[in-house]
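Sharing a structure, written as structure tokens. Questions coming.
Should a chain be cited, it is by its letter among A, B, C, D, E and F, assigned in written order, with residues numbered from 1 in that chain.
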């Protein structure tokens, strides 16, 4: 089951990469600057180091988003990623995109239900 | 023999860099010149024979001259060694400006 | 003798060097550092004697086909050079143990590695392998130059390393072009054709140019007086006997095998040789430090040695090699004596030394003999060196002979004038009662009273005095020693025998 | 294939030149670093394209090592732009 | 390898290399056009995430077409692509953070900028 | 054999001198004088043989390679000159016993005896080189004797040395030419060569060289300046060297070579004109002196001039006259010098203007001086009269037109008038006039005559009987003349009365004018003394010295510099000077480009060329160090493409890996350097560009004309055809590296490994504060930037400033990657023989692991156990060499590979060699990272390691105490893994690398 989710995740990422690449291409090859840069804080639901790593890596490999910093958990706060986004329309869009990615990732690492765990 | 042009360009660049008074630029100059020297060695092996000298996959008649390749390998490694030493010289004193060497007020003669 | 033993001249020092990196013990360090060159010299002495029976000993390393393998070749010339470099290195190493510089980190393994490089460069019969061994020589040199001496060493260390690397690149380019034209870098295979093929001549010219820089030939000599005096006297003595001399030997060897007696561009060569002699000698007058003066004398001496190349005959090569030997020993002796003086009085500057003739009579007498040797006065090796070279010069065509003899005379006069100034300012005059040692960082220190009884310790001066004694012995027993150089000259001139032995 | 390789070679060459221009004109070290990375990877692309033409046995290895080394270079660039602060 | 398959694979590899190269070019042009270092790091992804993997895979496809491909080659290609995608992105994160740490200017258009401003005031 | 005994006795004198001096002090002169007489006695058999018409010889080989023998030969010249040297020497030693101060006089006696040995050796030498050596030794002894008299003597001795040294060089050049031309170093044989009659040019050249040598020593114009200078030496030295010996060595040389040159026009003209001019000039200068000793010196210059001129005439009579005047001069001049010493000791001054009236108080001294001066003035019946008459007569025979003889006579007579005048000055000024009598009463007169006067009287008074019985000298002078002119048959007949001859008339004129001078002297002296010649020799030589220094400075300034670019520019200039003309010369004969299986130029070559050009331009123009590094990296990788295109996969892989590692090490270094190049370091664009373009043309042109114009080489064919058979390996480049040319690789691996030792040694030699200056001291320090960051404690702050949480993903990746790379490295190592790979490439992959680990930690730490790198290097070198020695021990050659099978797997010792390579490379890389990788940041942190500390630990092992900081940091729970939760728990893990 998890293997299927993992494969699914890979495919999903691949599609995201392609989509993002075209976003960048469109912006780059059309006149004017179409980007709307933003840096947002994203508290993670991921818990193991592997999850965080894959999450951060996935964000960065997707054109249009990168991770600028990773803060470890402290005082009950979860680990946090700071994500730089280029083409999202709003903060909520970014968070939504990341949430979707994290959910899919957690399904692959912890099984279906774990993916549904909401951010604290 | 466009390689001759490449060699010329590299040598010109290396020379220009070596004429500056910065140790780091000079190190870069030496590195660039070393590339030129490597190309000269490979050109000396006559680039009209270009097949890789692996006797299981390549016809011996088409093989590139392996001797200059071995020379270049040796030269590359030696360049690596001396580059590391040069970089040490560049960084001692935290000043790579050879116009103001880690000077002491001494005269040289 | 089994020719397969020749690579031991490289293998043993390399092995010792590697072991000294790992095994760090003061006594072992010292014994290895002095002993390795000494053993090398003794073995080379035996080799020289053997050459009376077998003029050329050649071995194709790895037992591969001649022409493909790297050949190691010894004849009287290379054996003489091995003996000389070994002895000089041993003397310098001995001095380093006296000053304690052998305790600087990794000086012993680096010195021994230097020996390996020198021996390899002297024995190899392959141009690319020569390049490699030159690098084996240079790498420890960069460090040795820069770990001892004053703080300025780091600055001139940059000069030294960059000049040498650029030169090495020139050498590599030259070797590449030789291969490009001739399809080989084996000297034995290259024997002969350069005179017929101007393209090969040009390629070899580039190799020789690079070697000329390493030898310190005018106008590419400036690095030598710039860099050498900044390091310590012991290291400078070590270098003076090895680096430029190996390059000179390689020049002789390459010209001898690739051109033979048809030395090309004699006019240009003559001009360069004369300029080297004169510029070195004249520049000596422009300095105010003992070791700077000796450095310029080295340059001048290199010009003298190269007279043999201009004339190019067995006799002249013999004379050149004798002069080379004389020069190595004399300059080495003077440098080590200077080192002893610097070590005692903290400076080698004319204006900070005075009256040493009265303070340090033995050292002064040794130094005077060294200076005599430099200018060719009896009872020192310099006399026979000069006699031999004058004779060699006189052998040339009238015009060339006149130019060479005139240049030798002018250079000698300029040297004498410069060195008499040195003598007056340092050895004569009132003995110092205070001194101001060169501060390692700022170059100047307040004057300090010189405590009673401060003298150059004879133990410290011993290596220098020993070399000067060798110079005197070379004068007295020239009948024994001159033929050694003469034999070496004959061997150098006989390129056919060299090639045959390699390709046999 | 060969046509594609030639076109791709040209495109990569242009990318490299653009990258070099950017390296020369950038105002902050971080931008230079990232453009440098791009030039590195573009050159690796060239290497792979060349391997497709010459059937070189080493290209697969070269590409793999280059990918790993590119990462090393990226981290080194990170160290230099912060002047060693980690 | 049949003739058709050969042609298909060859065409495929040709298309892939051109596409890959184009993605690299996109990144290169974007480097010129973006406003700050972070944006530039961001637009590296088409090159490392798409461009190069396409080229590397195309090379493998080409070898398959020629019949010279081996399992080892396939494995190496996988490792290469993985390195480009995963490891490279991890390294890019380090670079991006270093860029911030080095004081690289953030484009003023960046909104929100939650490294500097608290999102929950 | 008798000659050897003589030299032996003289050598014994040298050896005994320290002993004699020790026990006798200044009285050592007595036994030494006796030894000189003994030496004379031992020479007697040889002298007798010479008188009997023989020429005793002696020879033992010395430097046979140069044909040099220690050869002696005695003839008439030798007899005359050696007797002068020995007998005057004995007299001077006796004189010295009273003249010198009490106590040790070691250096005086020692150098004097050495001098005599050299002088006698010189006159007996029958080998040109031995003659030259003795010549130089006399110069040196002369130098020492002047130098030992304190400050005044030092400067003077240097000038003397310089001038006589110049002469020595001329002599050496002459000797070399003679030896090469005549094929012998034997003096007699060389002088007998027919080259002197057949080759006028050669003869002229050598004659010039020899006469220059002779002139310097016999103080002929313009080399006369040293002799007055030499008066700084004490009087015995002057009495011996400057009257009888050193200066006579010059005369001897001219006579010795007369057989060859006496008919050479150059010789005649130069000797006669220089001699007469010197005679006149010296006499005139003598007249202007007020110091008695200086006066004597100029008088010597003048007298020697007359002798030289006479030798120049070259006839039998002339040489005979020269010989007899040499004898006469040696006698009266040494005596007169000694008399100056007597006067000096008695009055405390030698200044004619300060001397009291002496003749009444010191009548004996006055008498002896009068006889000496009279002899010098040429008054009958003294020997001086006879010798001067002979000179006048000989000069009349001067070669050339008839008038030349007359002119010479007139000039000589003129000089003699002056001679007469200064003799007057010596005698009357010194003893009679007493110009200082009324002025200086402080100089008490203490007549000091005794032994000194006795010794001085001996040579002077010898001139009286010899003048009266001049025929006694006929035989020896004949012998000497015959030695100087071998084909002549001289029959000298010396007598006081020759009849009315031109020379007698000249003499009478001289006397008449001399009488006038005596009468008018009171008015004459002050006028002459006031008009000293404005330029003296010391000033000229001083100017020479200054000139040399001025000439030297530009040469030193131009070529000696601490700036590498200056030196490199010269190197480039030399390269251009060699290569560009060379290319122009070889271009016309260049063969066509080679035609091989593929076209010489491939399209990819063009792409590479363009990209490299772009990168090079960018590299040269940028002022950012980082940009430059990136351009360099680009060049490296594009070069890799080219190398692969040339069919060299091993090289390409190596290049790729080396390039990456180099760039990474560069970056480590750059963190400590300013971000931009100082604009002052930028080369002068026009000049540098010109040189650069020239170099590009030279190297590119050389590649164009020299490369790729022949078929593949024979060696390449050999490798292509046979390498696999010989080595049973498929990767030919690899087997070249580890088998065919393993020696190259051995050197290379040593260089590489020892480069690590090199940087360790370099770093160890520098003080801590230069290695890691504190931010205040570091001129290149860049303060951390102000970051737009939320306050400390916020996740945003931690996300940027916390290192560990940011490198953790990398640490995790490395857990997987490192094993993969290690396996890869092993595979590459293993397959090297048959596919691209081998020790170096494998080691470089291993180094990449080292680098990854080093850079991927959250703080800058040393990698690996501190002493591991130097062990790797040391053992790496040892393993490689020992593998080579296996070949020598168990096969036939050093580094010869030995093949074997282990469990069916083919193994070669060269793989062991590759292990050595591997270890050395890893060692270097670890050291490079550890020593160059420290940054300001790693130091300012608690527990940070300084470069110095790392260097120390690399050598000494982990150091205890306060330096033991990194090890002291709190132990982490464990390593990052698939299941670890360090980020979620907020605790740092244990990182790789320790």
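Quick note on the criterion: contacts are C-beta pairs under 8 Å (C-beta built on N, C-alpha and C of every residue); 3 or more make two chains touch, one makes a residue touch a chain.
On a predicted model such as this, the values are computed, not experimentally measured, just so you know.
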Subject >> Chains touching both subunit C and subunit E >> reply: F
Subject >> Centroid comparison with subunit D (C-alpha atoms), farthest chain >> reply: F
Original post:
Considering D-F alongside A-F, which chain pair is linked by more C-beta pairs in contact?
Top reply: D-F
Subject >> Remotest chain, subunit E as reference, centres from CA atoms >> reply: F
Subject >> Intercentroid distance (Cα basis), subunit F paired with subunit E, Å >> reply: 66
Original post:
Taking each chain's centre as the mean of its CA atoms, how far is subunit D from subunit E in angstrom?
Top reply: 11
Original post:
Which whole number of Å gives the spacing of the CA centres of subunit B and subunit F?
Top reply: 36
Subject >> Gap in Å, rounded to a whole number, between the CA centres of subunit D and subunit C >> reply: 47
Subject >> Touching two or more other chains - residues of subunit F >> reply: 556, 560-564, 568, 629, 645, 647, 649-650, 670, 672, 699, 702-703, 707-708, 710, 713, 715-716, 719, 740-741, 744, 748, 751, 754-755, 758, 762, 766, 784, 796, 799-800, 806-807, 809-810, 813, 817, 835-836
**OP:** Scan subunit E for residues touching two or more other chains and write them down.
**Re:** 22, 27, 29, 36, 38, 41, 48, 79, 83, 86-88, 90-94, 97, 100-102, 106, 113-116
Subject >> Shared interface positions of subunit A, touching two or more other chains >> reply: 41, 53, 56-57, 68-70, 82
Original post:
Quick one: which chain pairs are touching?
Top reply: A-E, A-F, B-C, B-D, B-F, C-F, D-E, D-F, E-F
Original post:
What part of subunit D is in contact with subunit B in the complex they form?
Top reply: 54, 56-58
Original post:
Can you name the residues of subunit F that touch subunit B in the complex?
Top reply: 556, 560-565, 568-569, 572, 593-602, 605-606, 608-609, 612-613, 616-617, 619-620, 625, 628-629, 632, 635-636, 639, 642-643, 645-651, 654-655, 658, 661-662, 665-666, 669-670, 672-673, 677-678, 680-683, 687-689, 691-693, 695-704, 707-708, 710-713, 715-716, 719-721, 723-724, 730-733, 736-737, 740-741, 744-745, 748-749, 751-752, 754-756, 758-759, 762-763, 766, 770-771, 773, 778-780, 834-836, 840, 924, 928, 931-932
Original post:
Can you list the subunit B residues touching subunit C in their complex?
Top reply: 18, 23, 26, 30, 33-34, 36-37, 40-41, 43-45, 67-68, 71, 74-75, 78, 81-82, 85-86, 89-90, 92-93, 98, 101-109
Original post:
Residues of subunit D touching subunit F in their complex?
Top reply: 6, 9-10, 13, 16-17, 19-21, 23-24, 26, 29, 32-33, 35-36, 39-40, 43-44, 46-47, 50-51, 53-54, 56-59, 61-62, 64-66, 68-69, 71-73, 75-77, 79-86
Subject >> Residue ranges of subunit F touching subunit E (in the complex, touch as defined) >> reply: 784-790, 794, 796, 799-801, 806-807, 809-810, 813, 817, 820
